[in-house]
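Accompanying notes for the structure given below.
Chain IDs A, B, C, D, E and F follow the sequence of writing; residue 1 opens each chain.
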Amino acid sequence: MTAFSRPSGRAPDQLREIGIERGHTVHAEGSVLVSFGSTRVLCTASVENRVPAFLRGKGEGWVTAEYGMLPRATHTRSDREAARGKQGGRTLEIQRLIGRSLRACVDRKLLGERTITLDCDVLQADGGTRTAAITGAYVALMDAVRWLSARREITRDPVFGAVAAVSVGIWRGVPVLDLDYAEDSDCDTDMNVVMNDGGGFIELQGTAEGHAFRRDELDALTALAETGIATLIAKQREALAQ
Amino acid sequence: MTAFSRPSGRAPDQLREIGIERGHTVHAEGSVLVSFGSTRVLCTASVENRVPAFLRGKGEGWVTAEYGMLPRATHTRSDREAARGKQGGRTLEIQRLIGRSLRACVDRKLLGERTITLDCDVLQADGGTRTAAITGAYVALMDAVRWLSARREITRDPVFGAVAAVSVGIWRGVPVLDLDYAEDSDCDTDMNVVMNDGGGFIELQGTAEGHAFRRDELDALTALAETGIATLIAKQREALAQ
Amino acid sequence: MTAFSRPSGRAPDQLREIGIERGHTVHAEGSVLVSFGSTRVLCTASVENRVPAFLRGKGEGWVTAEYGMLPRATHTRSDREAARGKQGGRTLEIQRLIGRSLRACVDRKLLGERTITLDCDVLQADGGTRTAAITGAYVALMDAVRWLSARREITRDPVFGAVAAVSVGIWRGVPVLDLDYAEDSDCDTDMNVVMNDGGGFIELQGTAEGHAFRRDELDALTALAETGIATLIAKQREALAQ
Amino acid sequence: MTAFSRPSGRAPDQLREIGIERGHTVHAEGSVLVSFGSTRVLCTASVENRVPAFLRGKGEGWVTAEYGMLPRATHTRSDREAARGKQGGRTLEIQRLIGRSLRACVDRKLLGERTITLDCDVLQADGGTRTAAITGAYVALMDAVRWLSARREITRDPVFGAVAAVSVGIWRGVPVLDLDYAEDSDCDTDMNVVMNDGGGFIELQGTAEGHAFRRDELDALTALAETGIATLIAKQREALAQ
Amino acid sequence: MTAFSRPSGRAPDQLREIGIERGHTVHAEGSVLVSFGSTRVLCTASVENRVPAFLRGKGEGWVTAEYGMLPRATHTRSDREAARGKQGGRTLEIQRLIGRSLRACVDRKLLGERTITLDCDVLQADGGTRTAAITGAYVALMDAVRWLSARREITRDPVFGAVAAVSVGIWRGVPVLDLDYAEDSDCDTDMNVVMNDGGGFIELQGTAEGHAFRRDELDALTALAETGIATLIAKQREALAQ
Amino acid sequence: MTAFSRPSGRAPDQLREIGIERGHTVHAEGSVLVSFGSTRVLCTASVENRVPAFLRGKGEGWVTAEYGMLPRATHTRSDREAARGKQGGRTLEIQRLIGRSLRACVDRKLLGERTITLDCDVLQADGGTRTAAITGAYVALMDAVRWLSARREITRDPVFGAVAAVSVGIWRGVPVLDLDYAEDSDCDTDMNVVMNDGGGFIELQGTAEGHAFRRDELDALTALAETGIATLIAKQREALAQ
């Protein structure tokens, strides 16, 4: 009998090597280079003293995200969205997901009338760019909030809890954690899970690529995600403690 | 003690009144007006003898979807996307979801080199437009496939199983089925579930609006969705039998 | 000698079956499904308490229109304008025509600083969509004005007279009223006529498709249009009286 | 009693000074500077050996038009359409009208598989730019056809008859010919008429600005247009004879 | 030995015939038709009593430029930028250059909170359109400033010095002044030079097309440009003195 | 007397610290992170076996560039061009410059019918991003060419010579080399110079920001640029030798 073997040689419940490097660039209030194996995403947090029109005068802040991929972050070059003149559906979908996920841990009244924009730009892609982006953006957001605190612009911490994300999927019949590109492009079911440090689900997006998944598979996948996210949140804490 | 009461007076596990009217317009190969209560979506299926560039010469077909909402389908008028010059992120996200969901029940080799486009246009919105669209588009797709069979353009049925969708959510602490607008705009967790007639999950998209949801809530929601989708698939069969 | 026969079997001066169904959708202040035979257009009137920039502070209101066609309203599917990223020339031309025609029966001072937008969306096309749209939009406009009166937001009726429209053309040498698609795509001259209930012309747009038309033909066509519009205005009154 | 007096002092049935200058620029196959008083439009005809996709392989040619206005052709500067990123509805409407009008005098089979594009760019505007454009574009088209004949690319003349256009309107109660800007911005009814040299109507577009016009007014306006167009066609012939 | 001969027969240091015609159109505050041989550019200056957002409330004015080329200004027809939906890179580059060049001779404090827009539209192109545009736009700018003075809207002249531009290049090994299209499309080095009447350089843009140029070539080219610009500035003065 | 002192403390003719790191990302055929002090640009070279339409069938290749800046590469966040729906004039101008500069050292016949696209994305900006981009893109181009050679897709080296770029300017009256942001935003004259390893000029773009520059200043600036570029070319060689 042949043993099951992931392309990377990882155990089914093993994350890739995780890197969270704060202060990667100098201008942004928060700037984090996050890596999930070969996937590398630069997440910056920018603070601006204004809010979108629909929030003006309400005494609340806003947290939003934009996502991009450098044209040659991938195996073959893809068109530059700025040159094509619009962001594609996948891009919009991902940046909406990142924004919702981060807003889930922010008390926008405490933030006050300011906007924090999380720019997540993929420098190198190897699967899981959106989950890496959420995980890194949380740390960049924390740095931006600390920057506001240090300048005494806010007095109470508007961030409650922590947020991280990971992908899980069924690859060759086995539930696996943190899919890389080789697995992602060849799996039956693919699920992105965003959770907080209290073990609650913030977003759950599962797609059957090959065959519809059953409830026991759903249970196995969410259980895998839970363990992965616990590790990611520990890594975030570690990075923020430095 | 006050009894729990949904705005519509429905029981927690009760769908709205479901309507599936085939042949609603005359030109399309499939044309279905689907209603989930006050939500009304016109789903047409159009057959074309060409495939997108990435499939040319591969002997496979394509199934895709486009989604739109009439400007005054909603309580207040929203901008016409054609006039604004682009489809918004929500629209793109929904039409990608509809397309993926329907492709999950089609053998594209058996379809041959043709494209079936499912246009889902919301005439009146009261929550759950995307789940109504998927449920109706499946019936329109079936009619288009029957049209192809009747003309002997295909000899084997490319559609396997059935696909339907419903929303579930936690409203005032109680898991409820098939949210209408009043519930949707005021719920803690919102989940769209797409399943097939074998009880498998095709898409699962859950979002914590107010508080992160726990695993037991996830279980309760998916169980509710299962019962709702079983009913919807029965309604589809009934409509297709007429 | 073979008798002249229109594809539909109608007499040259015979309109198609006309339907004007008020209250077709629930959210809009006016909502009318108008049908000229198989042509079906949903006309909604939306009231908003603001005016375009060029009218601000002038104490006048605005009436405008937008026109769209569902991708599969026609025999073969046409591209969705929202997906193409712009409205085509034909669309812009038609919505400008609808807007001008309706403004011709509105005293914008009496309307006050509000905008009424008439969205005319073609659900099914069989020729004459713009004339059906104008005829139906008038009724939707009236309903919106009644809604304003009922809420005592206006005290004097800003609409004077009635407006309706019909197409006329020379098909196989004979002037005919209310062209359907079969006639429209095969006629020598095509004219859209908008008139009021006083018998005055509001818009007249004639195009020679095959041969240039002579003055006697122009006279015959405008005479036909007059009789058709008289009937349409009677139908509008009937619908508004219910 | 005060005599009626047009702002320009012209008689009601008097055209402005008409100029048709051929060969105004050097590169185009036809290049005409047409002036109706202070309105000046540069009309160029460009011949290309290809046709739009919908005509490929049919052995027919195409005639089309594009219209533009320099930003400061008018009293106050208007935005440059290229900078705004799209052509407005008025522009599209006018260029569609010019194209239809010119195609009405061309046998596209005799033209062969080539496209003649008529670019009509308004250098200075004082009312009547679209009618000047049509009148000038006809002469540019003729020059392009002569250029094709001279090179023996065509052997039979694909242009039959002549086409010219003029505006008419009711200004202060009086039907007047060839409205300038002062009249156009202050008239009750405005009509653009395109006719051929056989006295047939090619396009008729009348709009009631202030009050709906009656049939006798329509008759007076078309009669005025006829005399004006007869003069314009004589001017075209004169220019082409030089 | 064959004598060196430019396509036009000009001496290496000879400008083409220069024309500067003021008052070419009637509406603009400044309107100049400039010609460098067969290159003809209409430059209009429009005064508006507002400034871009980044200057509001600063007591300063703005000078900016837009550049366009009629579709058939060139040997073969190029697409209309308004129809393509965007200005190309070359267009943006040129209009930015024109704007910077003209701002170099304006004291924006003295101009006050108004904007002067220089529209430079190429009616006919034969090389050197950007240098002709700068040279003509300066004269249009002066006319607009005189218009402001005449209306006593400004009391001190905000324009200091004069600005003109010319192209130089190395054609068949010889430095030549004011390249026409035949030279421009076949030269080794092409340089656009903008200078003021004090002999200072405002912009210098040199591009090696065929071989990299040496410092002695750079010296020869700038020397040629100096003589050409001296002549152009004299022509500007002459035109402004009329 | 106060000594002259640059914000960075550098000598007038001193470059910032230059870094050229090859193999920065894994997918591209060439991938270089170039740094000029705090300015950091990721330059990737992508090889594709196709050429733009205007080169098809000519047996020649193409070299082109795209430039982008991450939204928070700068002091304050700038809009994402993909979200705004178009590339700005500055972006287009820079990417055209990079493309021209690199094409100046490539024999496109020897490259064969393939395209090399140089994507230059600014991760962190501190002045001189375009000159850093050109300098880094040359090294990425060389790596892509070596990759082609290693796969024996080309047999003769299509790159001749080397290309590098630097900015020079007059800051507080003194000509200085390699301006950082503090100098760039406060200098009188700013010049970008692209040269090859033979000491020839490929591009020279000088702009007078404050006062027009004289010929002796031009000489001083180009001399400074020469020394800077000699050093940069040495750095490129060193990097390529590793």
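One rule holds for everything that comes next: a contact is a pair of C-beta atoms (placed from the backbone, for glycine too) under 8 Å apart; a residue touches a chain by one contact, two chains touch by 3 or more.
Bear in mind that the values here come from a model prediction, so they are computed numbers and not experimental data.
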Using direct touches as single steps, what is the fewest number of steps from subunit C over to subunit D?
-> 1
If you check the contacts of subunit A and subunit E, which chains show up for both?
-> F
Smallest number of contact steps required from subunit B to reach subunit D | 2
So, what's the distance in Å between the C-alpha centres of subunit C and subunit A?
-> 51
Please work out the Cα centroid separation of subunit C and subunit F, and write it as a whole number of Å.
-> 59
Cα centre of subunit E to Cα centre of subunit F, whole Å, reads 28
For subunit F, what residues touch not just one other chain but two or more?
-> 85-86
Taking touching chains as linked, do they make an open path (line), a single closed cycle (ring), a hub with spokes (star), an all-linked set (complete), or other?
-> ring
Beginning at subunit A, go round the ring through subunit B first and name each chain as you reach it.
-> A, B, C, D, E, F
Across the complex, what residues on subunit E touch subunit F?
-> 86, 88-90, 92-93, 95-96, 100, 104, 191, 195-196, 198-208, 211-215, 218, 222
Which of the residues in subunit C end up touching subunit B in this complex?
-> 25-28, 31, 38, 40, 42, 44, 46, 48, 66, 68, 70-77, 80-83, 85-87, 91, 117, 119, 121, 123-125
